[in-house]
Amino acid sequence: ADNAANATDPEEDETETETEETTETEETSSEDEDTIKVGILHSLSGTMAISETSVRDSELLAIKEINENGGVLGKQLEPIIEDGASDWPTFAEKAKKLLQQDEVATIFGGWTSASRKAMLPVVEENNGLLWYPVQYEGMEASPNIFYTGAAPNQQIVPAVSWLLENRGTKFFLLGSDYVFPRTANAAIKAQLEAEGGELLAEEYTPLGHTDYNTIIAKIKSEQPEVIFNTLNGDSNVAFFKQLSDAGITSDDITVLSVSVAEEEIKGIGADVIEGHLTSWNYYQTTDTPENEEFVANYKAEYGDDAVTADPIEAGYFGVYLWAKAVEAAGTTDVDAVKEAAKGIEFDAPGGPVKIDGDNQHVYKTVRIGEVRSDGQIDELWNSGEPLKPDPYLEGYDWASELSEALSQ
Amino acid sequence: MQKAIYQSVFNNKVLFTFILLILLLAPLFLSDFRLNLLGKFLAFAILAIGLDLLWGYTGVLSLGHGIFFGLGAYCMAMYLKLEATGGKLPDFMTWSGMQELPLIWLPFQYPIVAIILGILLPAAIAFLLGYLTFRNRINGVYFTILSQALVLVVVTLFIGQQNITGGTSGVTNFETFFGFHVNSSSTQTVIYLITVVVLASVFLGCRKLVKGRLGNVLVGVRDGENRMRFLGYNPSNYKTFVYTLSGGLAGLAGMLFVLQVGIISPTMIGIIPSIEMVLWVALGGRGTLIGPVIGAVFVNAAKTGFSESYPEYWTYFLGALFVIVVVFLPKGLMGLVEMIQERRRKVDVKQSGIKESNIKESSSVEVEKNYS
Amino acid sequence: MLKLQELEAGYDESMVIRDIDLQVKDNQVVCIMGRNGVGKTTLLKTIMGILPPKKGKVIYMDTDITKKRPSHRAKQGIGYVPQGREIFPKLTVYENLLVGLEAGTEKKIKEDVYTYFPILKDFKKRNGGDLSGGQQQQLAIARALVANPSFLLLDEPTEGIQPNIVQEIQEVILDIKRTSQTSMILVEQDLEFVKNVADYIYVIDHGSVVYEKAVDEINDDEVYHYLSV
Amino acid sequence: MTQIILTLFNGLSLGSILLLIALGLAITFGLMNVINMAHGELIMIGAYVTYVMQNLFLNYAPQQYFDLYFILSIPIALLIAAGVGMILEFSLIRFLYRRPLDSLLATWGVGLMLQQLARSIFGAPNVGVQSPSFLNGGLEVGTLLFPYSRLFIIGLSIVCLVSIYYYFYRTSSGRRVRAVMQNRQMAECLGVSTRKVDLITFAIGSGFAGVAGCALTLLGAIGPTIGTNYIIDAFMVVVVGGVGALFGAVAGALGIGFFNTVFEYVTNASLGKVLIFLLIIAFLQWRPSGLVTSRSRSLD
Amino acid sequence: MSNSQVLKSPTSKSQAVLKSKKITVDFSGFKAINELDFEVNRNTVHFVIGPNGAGKTTLLDVICGNARVSTGKITFNDKHDLTKMSENEIVDQGISRKFQAPSVFHHLTVYENLEIAMKQKKNLFSIIKANNNQEDERKLEDMLELIGLTEEKDNLAGSLAHGQKQWLEIAMVLMQEPDLVLLDEPIAGMSKSERKKTGELITKVAKERAVLIVEHDMDFVKDYADVVTVMHEGQLLFEGSMEDVQKDSRVREVYLGRKVD
């Protein structure tokens, strides 16, 4: 009569869970002849959902278009959607599931560098493919990942040069506290030193930080000419609103952001960010026939209020690049597709892109833009031609120390 | 007494052995991926047992077990990372401008040291926090919220010190464990089996602990901390002990987690996972030890299942699960089992003609009085 | 005034009150006696509506109130002094009394309660929870009285109260009965006290009435017989 | 000197935001002992209400009245959040009054669902709310600029504080609430309709979360996870202040706001958070049950 | 206070086990106990009576560590100052208290309740290793016998009736084998026969130790008291045998009232 511990072991239940496990296993995919499965792995819940759901949307749009045009290798694409839940181990788990369980031909997914780094060992281990659609800090080139967002030399480096030339030399670096801003800023510091800029201060706030009073006080006392903004997510909203409240406009200080696109501007409110700058490879206003069609299709699919943006575009053309590579290879076999993908070109909404066989990044055109009062972005400058991706910044002397350390 | 009738069915060694056997044989009939998932759930179950000791038996609710889990996990991850780089600087350190391995990474070159620290470190932190709070009779809700704030702080620290911790991305991309290729199917099977064995030992050990007088004293502390003082006990010592123990178990779980999942990052130790951990215990049935094991496996299997089948809607399911369990199953799945047993027993009692007045049970008494 | 018909009540599975029939006439003080744990408090709780009966009816002023909430019963004029005082610990003494007004129509606290229990006036601003046991008991009685109840349930009201005030309480009960025509059910252990204030007594054992008589007819030994095992 | 004034002002400003968020909690958590983890989602509702009001005004009201949307949003956010609070109380919380730690878990589940619901209705990305023009800019005193939006929030939190105080400590309805929270059964026996009181109290606490959400649109992002950013801080305010003490919450909010600002200024945002936590632990060593404690004799 | 001579019965020669010197308990200005000097002797049943709010419960509170004195000293067995100790240390010294509301552990069985109350090393490591020897088991069985709960020993304490809980709690106090037992209104709500049983138990217990009881039931006090202390407004009003107490006019005025004689 040991009621103290109430220890009646209903291990019965455990067996139940057990059986559930087993039955799930039995559903393992059987090779379906008519379709090609592709995985879509973005955060649909949690903090990152604010950004990632739209990328999923554009990837689905591309898949739909491809299917309507007869599919790939005569087969329809069957997207399998998983939620990364803004949690990196979940990204790893779901990637593993997509590759091992569903045996997808490729995965389109990720946003934060952390999510990519979580998926990296999984795709390498299972010799899978991952198409990663977001600008990032570089210093990476996995044989199993295609990077369709900008490498630092396609976004950050030209932006710094442009700012030094056009807006001033006194820089204030503000970023969210994680790998992308920190690494990006390390490069920027080296570049500033080399190109005659002056670093006044470097500040980081935790992801999700909401009160920028103190940062703004520091900005006021430092009096920079340029704020180079690598904040991510919600923090941008708080920062720009509070900056404007503090009476600082784009006439006083230029803020150039590399993680604020049209979609983020909707959340920030165009009135407070108007006149500030961004650096990307694509804007909704980018003037190409492909973009006109893309924007129209995207709005038709997701509503007139929907806006397109750089990562949305990168997600979109990533699907097309993969499809072209598969067609070229005549199979979805990963090694064959990788081989076939080298040098493949596509007329993306943001202009022509081409896969660089050396590092599996993409040639892209850099565009610096200014936010308009309607939340769209006007291009002020572009690089004129797609730049070769240089994830390790090997082409820059000032970065030699950095890249040397990294190539080990 | 009356329980004897059912003890033979529910509470015997045969059944325990049977379950253990199934778990041990699982590699034969589960795919690598599913086995790996199950192994992860079982690692969680170890943590859940520790959390149950703390919450179910001692009445202390910690919303901060993520960090103990994380500390264990990071200890293991540091070792794995150093194995992978062959003792050289991990990539994220180079990006953050580190020149050489920071001091605190040095011990983790040695797997044994890493494993020991993986348990001791979280236990030590738990001890410190427990000592500082319980000693001052910071109890109930105060402690709970403090433990939650601790998570916030530790996560902020881990993210902020990315030259040492890998920041938001955490630590990943491992190669070998004791020289074996960590991701190979055979290594994973062995790690799974180790997890099963560890879980079984932890379960048996904790069970022995709570079946003894300590268990009764803990229940006393839970239900009437003040009263225990006047019986000559110092409740804060007991709470600190259990907190420390459960911190250590969480660390152990974290190590097994990393070995199977191959990544640890602050998202895994934050506020949300910490609350989910409590749910495992609540759903399984607190104060039962076995309940939390079931809860950990069940909740995570459900989460995985839901999110695979309904990636857009699974949070609704998970949310609803919380609500339903708490409202309708305050004693968790174990409570359900108890209810069924009770019903059956009542039938038996009627048949065997025992006076009904003898079986007024604990269910009628207010349990929760001192929980807050 | 109040009638209980075949009342059964208890906690979860355990039946505490079994088949009780009981009656309180207008302006009558009925006393309930019984050993510990026989269900006296449970009976009062059932009358007050805290505990839903499993069977039977509670009829108050000729209406069936078996299904009504306690607050409804309070508004109908039933006042309750529970065993264990149940003071609002973080309301002041004065606020405790004000809450007592909720049930009645009075807006202000009558001076008589302060005359009955002067200590309450001295400690008006103190938190109820800080009072001593006996002071709380006095407050609990006063709190029930401020609403001018027409029917009072008193569960061991003299428990923990100093002897001279116990005498006071006797007076108070008689006074109220006389001036406000209030009927009462009183649970009490002390037969002397009972004989001084009650009109009728019920002895309960194992949840059932085992003895009942008008007070002037009772025989002490008989009562004691039922009170000791 | 200006730096000191600015820091003080920023501390006050952060403190007032924390207070505004914590006020609702001080009621539901401090008074009712319900750990409502969905409080953050009630804040979210307030914020989305403001967003919807803005859109209604943009689409249907004459341009010159646009700014009115914000003024109107405050009471409407209060009412709608209170309404949701009522539904929550009625369908869930009322079963959990005796189980505060369980209420934590259940409301966490509710929070998850509300977040997802917001995603389904408004989409996952953040939405934008344009501040009313009268809150643009700031009050210039010498070289200092005090943003109107911050001043407004300070004012709003004072108004909320005073009305809550008045209601709970100066009206009979407030007294009923306190009685019910201390001893539900006895209050019921004295003729207080506890169901009504519970419902109303929870609704009030929730309503103020809505107001806070409305105010937060002036400062930051409006998205499904807006509440989670603030909720822990708000709980800390209540804990430091002393559960159940309104003035404790004020002191807690201002204290945390001030020290946070100072720490952040001299170190950085991450380290500032760590220091604040250490300070709180140290503080609780000295005052284990918060700033304002009403000791009561505890007979076991 | 001059009456303190009166109480010392010839048998228990000034063997004070507990002495308080000028203790004051202050509740934000209100002195619940005011410079009280007070002694309890070995092997005595010592009653404390006095008006509501006189400070009786507060006195027990400070002895067992549940409340703190602002000034003054309480020594136990002439050695230690209790006012500096934590509750459990005071219990270790040999002082046990039964609270007014029965507070047994509902989720433990009757037996387990007694077991954790039993005199033993109560530090963590002893408890982890704890195991009953035959001596312990005999003591537990004897106690169950004494309070008449042998039958119920494996039932959860939560299922006991009110009276049984009271008894169980008294038993838990006795299991600690204290030198001084503190009881606050132990017979409140008990019927006459139960009072008698409790009284007898108390007498028996006091053979080996001191018992300090707060009570309002004068009949009970009369029957079982060796010494009675009357408190009033935080101070000692009178001390002596029950007979003397009843004769004292001040006591009658503030406490007993006209009837008791």
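Chains here go by letter, A, B, C, D and E, matching the order in which they are written, and residues are numbered from 1 within each.
As a working rule, a residue touches a chain if its C-beta (ideal position, glycine included) is under 8 Å from a C-beta of that chain, and two chains touch if they have at least 3 such contacts.
Being a predicted model, the structure only gives us computed values, none of them experimental.
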- Task: Supply the minimal count of touching-chain steps required to go from chain A to chain C.
- Result: 2
- Task: Look at all chain centres (mean of CA atoms) and spot the one farthest from the centre of chain D.
- Result: E
- Message: Can you work out the whole-Å distance between the CA centroids of chain A and chain D?
- Response: 34
- State, to the nearest whole Å, the distance from the C-alpha centre of chain B to the C-alpha centre of chain C. 50
- Message: Just the number, please: Cα centre separation of chain B and chain E in whole Å.
- Response: 44
- Just how far, in Å, is the C-alpha centre of chain E from the one of chain D? 48
- Message: Give the residues of chain A touching no fewer than two other chains, as numbers and ranges.
- Response: 1, 3-4, 44-46, 177, 204, 206
- Multi-chain contacts in chain C, i.e. residues touching at least two other chains, fall at 14, 130
- Residues of chain D that touch two or more other chains: which are they? 115-116, 228, 268, 270, 273, 297-298, 300
- Message: Show me the residue ranges of chain C that touch chain D in the complex, using the header's touch definition.
- Response: 48, 50, 69-71, 74-75, 80, 82, 86-91, 95, 98-100, 102-104, 127, 129-130, 143-144, 147
- Interfacial residue positions of chain D with respect to chain C in the complex: 172, 175-176, 178-179, 182-183, 185-195, 244, 294, 296-297
- Task: Sort out for me which residues of chain E touch chain B in the complex.
- Result: 64-66, 86-88, 91-92, 96-97, 99, 103, 105-108, 112, 115-117, 122-124, 127-128, 130-131, 154-156, 158-159, 172, 176
- Complex interface listing, chain D residues touching chain A: 3, 6-7, 10, 13-14, 17, 115-116, 119, 123-131, 136-138, 145, 147-150, 218-226, 228-230, 261, 264-265, 268-270, 273
- Item | Partner chain A, residues of chain B touching it in the complex | 1, 3-4, 6-7, 10-11, 15-16, 18-19, 22-23, 26, 29-34, 36-38, 40, 88, 91-92, 94-97, 156, 159-160, 162, 166-170, 172-174, 183, 207, 210-211, 215-216, 219, 261-265, 267-268, 272-273, 287-290, 293-294, 297-298, 301, 304-305, 307-308, 311-312, 314-315, 333-334, 337-338, 341, 362
